[in-house]
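For reference, the structures are reproduced in the following blocks.
After this come two complexes, each holding subunit A, first together with subunit B and then together with subunit C.
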Partner chain A sequence: MDEYAIGVLTSIGLLTFVAASAYLLLIAGELSFGQQAFFGVGAYAAGIATAMFGLPLPLAILAAMLLGGLAAALVGLPALRLRGLYFAMATLAAAEMLRILFELFHWQVQVGGEAVGPDGTQGFRGIRWVFERGVEPLGFLGIVWALLAGVVLLFILVERSRLGTTIRALGEDPELAGALGVDVLRLKLGVVAAAGALAALGGALFAHHNTYIEPRNFDIMLGVHTLAYALIGGLGTVFGPLLGVALDLGLLEGTRVFQGYRMIVFGGLVALLLIWRPRGLLDERMVHWLRTRR
Partner chain B sequence: MALIDIFQNTLDGLTAGASYALLGVGFTLIFGVLRRANLSYGPAIMLGAYAATWVSLHTGAGLLVLFLVAVLATVLAGSYVERLCFAPHRRGPAAAAMVASFAIWMQLEELATLLLPRHLYAFPALYEGGALHFGPFSLRVESLLMLLAALAVCFVGWKALYATRFGVAVRAVIDDPRAAELSGISVGAISLRVFALASAIGGLTGFLIVASHEQVTPMLGMWSTLKGMLAMMLGGLGSLPGAVVGGLALGLIEAHSQWYLGPQFRDFIAYFLLFALLAARPPWMNTRSAY
Partner chain C sequence: MRRVAFVALLVSQAAFAQKTDARLDCKHTGKDFIYDCVIRLARAGEPLTGAQVTVGADMPSMPMAHQVKPVKAKPTKTLGEYRARLDLEMGGEWAVKLRLSDPVRDQLVLHYEFDERGARPVKRSAKSPRK
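Now for the complex of A and B:
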């Protein structure tokens, strides 16, 4: 496989974690403009763990997910009492606050004679754990997609369980779900925390893929893009967000057919697609049809 | 001296706040009628400003022509957004409309940068003379014009909403779209006209902003969307006077926190306030209504 293809496939994998976290919130009936911040929390936490304290990557990923979930829950606690656009704006405000905190975050230690750590707007360089251990790009691609496969499997299991049905019921009609005995706020808080941890997992891998992160990586553009990926891919199955990311990165950027006009083409396609299928390509009806077809 | 600083910062804050207020009014008009946030409002304004800059570079036309070009291009872009992103989703889920408007954001922004690819372009100055001085304080004439424009737009908007048949129809749609439809009001036509009106205000705002900064950059789109949404939310969402107060408040908060805490905290404080306001759910914020 050539280097370019490996790069595109790795990016698709990394962004799918964030798109899947936006998807999880969407099926629970919440629209978040802030998942990029938890992606950022994961990136910073994992980078600090490996580059500054020499912890192994698996441990760093766990720490990143824990911190990402915690940060998301802290934002969700007040924000979840709000609905629709208000929730979206609260998550946007929180995410921008976190991004500005990254800009103000200076914490460096001496590692092997050089200062390593977050340096405000100058970013955080030298997150080289993966490369120092001689993992080739192809090997890292394997790690990303293996973890993604795990996430997808988990999604499929949950969506087939009672919990998954309850989450969808919550998205459909929270009042009715509450009347049927679902603890709406607690379940939503759990969903928000899980989505935060999922985005943080992507962020941890992103930091180690790039070896350099800066606050600008985690701005609102990333958030709205991943939301769009989840929605055009479809809200019927977890393969929806993956399809959304693959359509944009693989088809439009990867093939470089529309160089210079990519956004005009992509933007128009998305708007037209949403008229035809407001819940995405792989929406609930499509998934049901695919499943029952014999 | 501190008192002088406070007063001067307040003047500067009101200046910036006037442009936020104008952006907030445009956002609120659209939000009030459609109950949908139009993310590509800022990029449409940016496209209008870019079209005016393009005309200025190629023809050297005067300010009046540039103003008309900016308004016309913004209205065209806004109507395009309404037809493609909002008209088809009037009854559907709000998320689809919002994401569609984001997709068109990308489109408008790329169109603008294809028109003028450099990072910075000069724009003719709105006013050639210097700032006005009152004792130790100074106020730019452009700022005064911006404030006047905000007041004028508010007055005209209020008149249009409360003293015309069009206004009655708009308010009927805001109160209850279905009942309005049943009384013979074409909701689609009203929403297109409101969009065009809001875009015209946006075109005016964009023109005033770039002519008083004397430059355009590709940041204008995102900046306008974020500031307009903040002004609308701080103002309690859904009322025009509220959006003006919200915009002015945002300008004041930014000016003072920049002076005392530095530029990074300026944005932080604005977002923090928005988050705290939403979390506290004050009575003037109608936070129960979805989307």
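Now for the complex of A and C:
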């Protein structure tokens, strides 16, 4: 496999984590423009753990997920008192606040005679745990997709369980779910935290793939794109966000058919789909049709 | 045997600890967002010769969404100098990624602003956040 194909497939995998986190919130009935912030929290946390404290990557990923989940829960606590568009705006505001905090975050230690750690707008260089252990791009691609397969499997299991049905019921009609005895706020807070942890997992892997991160990586652009990926791919199955990312990165970017006009095509595609299929290509109806055909 | 392994470990650590310096000089070819770049590599003040250099690029404001097909840089007649052509998707700030393999293994990220005049290193205020 050539280096470009490995790069595109790795990016599809990494972006799917954060797109899946947006998808999880969407099926619970919440629209978030802020998942990029938890992707950033995961990237910084895992980078600090391996580059500054010499922890192994698996431990760093766990720490990143924990911190990402915690940060999301802290944002969710006040934001979940709002509904619809107001919730979306609150998540966007929180994400921008976190990005500015990354810009103000200076903490460096000496590692091998070199200052390593977050340095505000200058970014955070030297996240080289994966690189220094000789993991080649193809090997890292394997790690990303193995973890993604684990996440997809977990989603499938949850969606087939009572919990999954409850989350979808919550997304459809929170009042009715509440009337049937579901603790709406508690469940939504759990979903928000889980989505934050999932985005943080993607961020942790991204930081180690890139060896360098900076606050600009976690800009609103990433938030808008990941939400669009989930909406394009569809809300009927967890394969929806993966399809959304694959369509944009694999088809539009990978084939380079539209060159510099790709963003316009992508925007047009989102607009068309929102009119034609508001719940995406793999929406609930399509998934049901595919299941009954088997 | 243990002593050999220890020395090998020290040597490999020293190889990682030694920093590769890279400078980029890009000229616009006149075609949309295509640049001819000269990369100058040095290690401990000495030009780095015989390296296998792959050049890629990514946009910091939208990571992973605008990837440039990595190209192999070719050495020029000047020691430590390599040449590559970058075909970017648009102008603006790009994080140019240099992947070095054989005889040294390293990965460097350089931030440059690309426009029709060429490329310049991105300068940011170290202390205050971006306005």
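One rule holds in what follows: the second predicted complex is superposed on the first by the 293 of 294 C-alpha atoms of A that agree within 3 Å, B and C clash if a C-alpha of one lies under 4 Å from a C-alpha of the other, contacts with A are read in each partner's own complex, and residues count from 1 in each chain.
Criterion: a residue touches a chain if its C-beta (ideal position, glycine included) is under 8 Å from a C-beta of that chain, and two chains touch if they have at least 3 such contacts.
Predicted model only: the values in this text are computed from it and were never measured.
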First (subunit B), second (subunit C), both or neither touched by A:264: first
First (subunit B), second (subunit C), both or neither touched by A:100: both
Which of subunit B and subunit C A:85 touches, first, second, both or neither: first
Which superposed partner A:279 touches (first subunit B, second subunit C, both, neither): first
Contacts of A:228 with subunit B and subunit C, given as first, second, both or neither: first
Contact residues of subunit A, present in both the subunit B and the subunit C interface: 100, 103-104, 221, 260, 262
Subunit B-facing residues of subunit A, complex: 26, 31, 78-79, 81-86, 88-90, 93-94, 96-97, 100-101, 103-104, 220-221, 224, 227-228, 231-232, 260-264, 266-272, 274-275, 278-279
List of subunit B residues in touch with subunit A within their complex: 37, 39, 84-85, 88-89, 92-96, 98-100, 102-107, 109-111, 114, 222, 226, 229, 233, 264-265, 267-268, 271-272, 274-275, 278-279, 281, 287-291
Subunit A-facing residues of subunit C, complex: 13, 16-17, 19, 32-33, 54, 56, 58, 60-67, 69-70, 89-90, 95, 105, 107, 109, 124-130
Subunit C partner contacts - residues on subunit A that touch it in the complex: 3-4, 7-8, 11, 14-15, 100, 103-104, 112-114, 119-122, 125, 128, 131-132, 206, 210-212, 214-217, 219, 221-222, 225, 248-249, 253, 259-260, 262
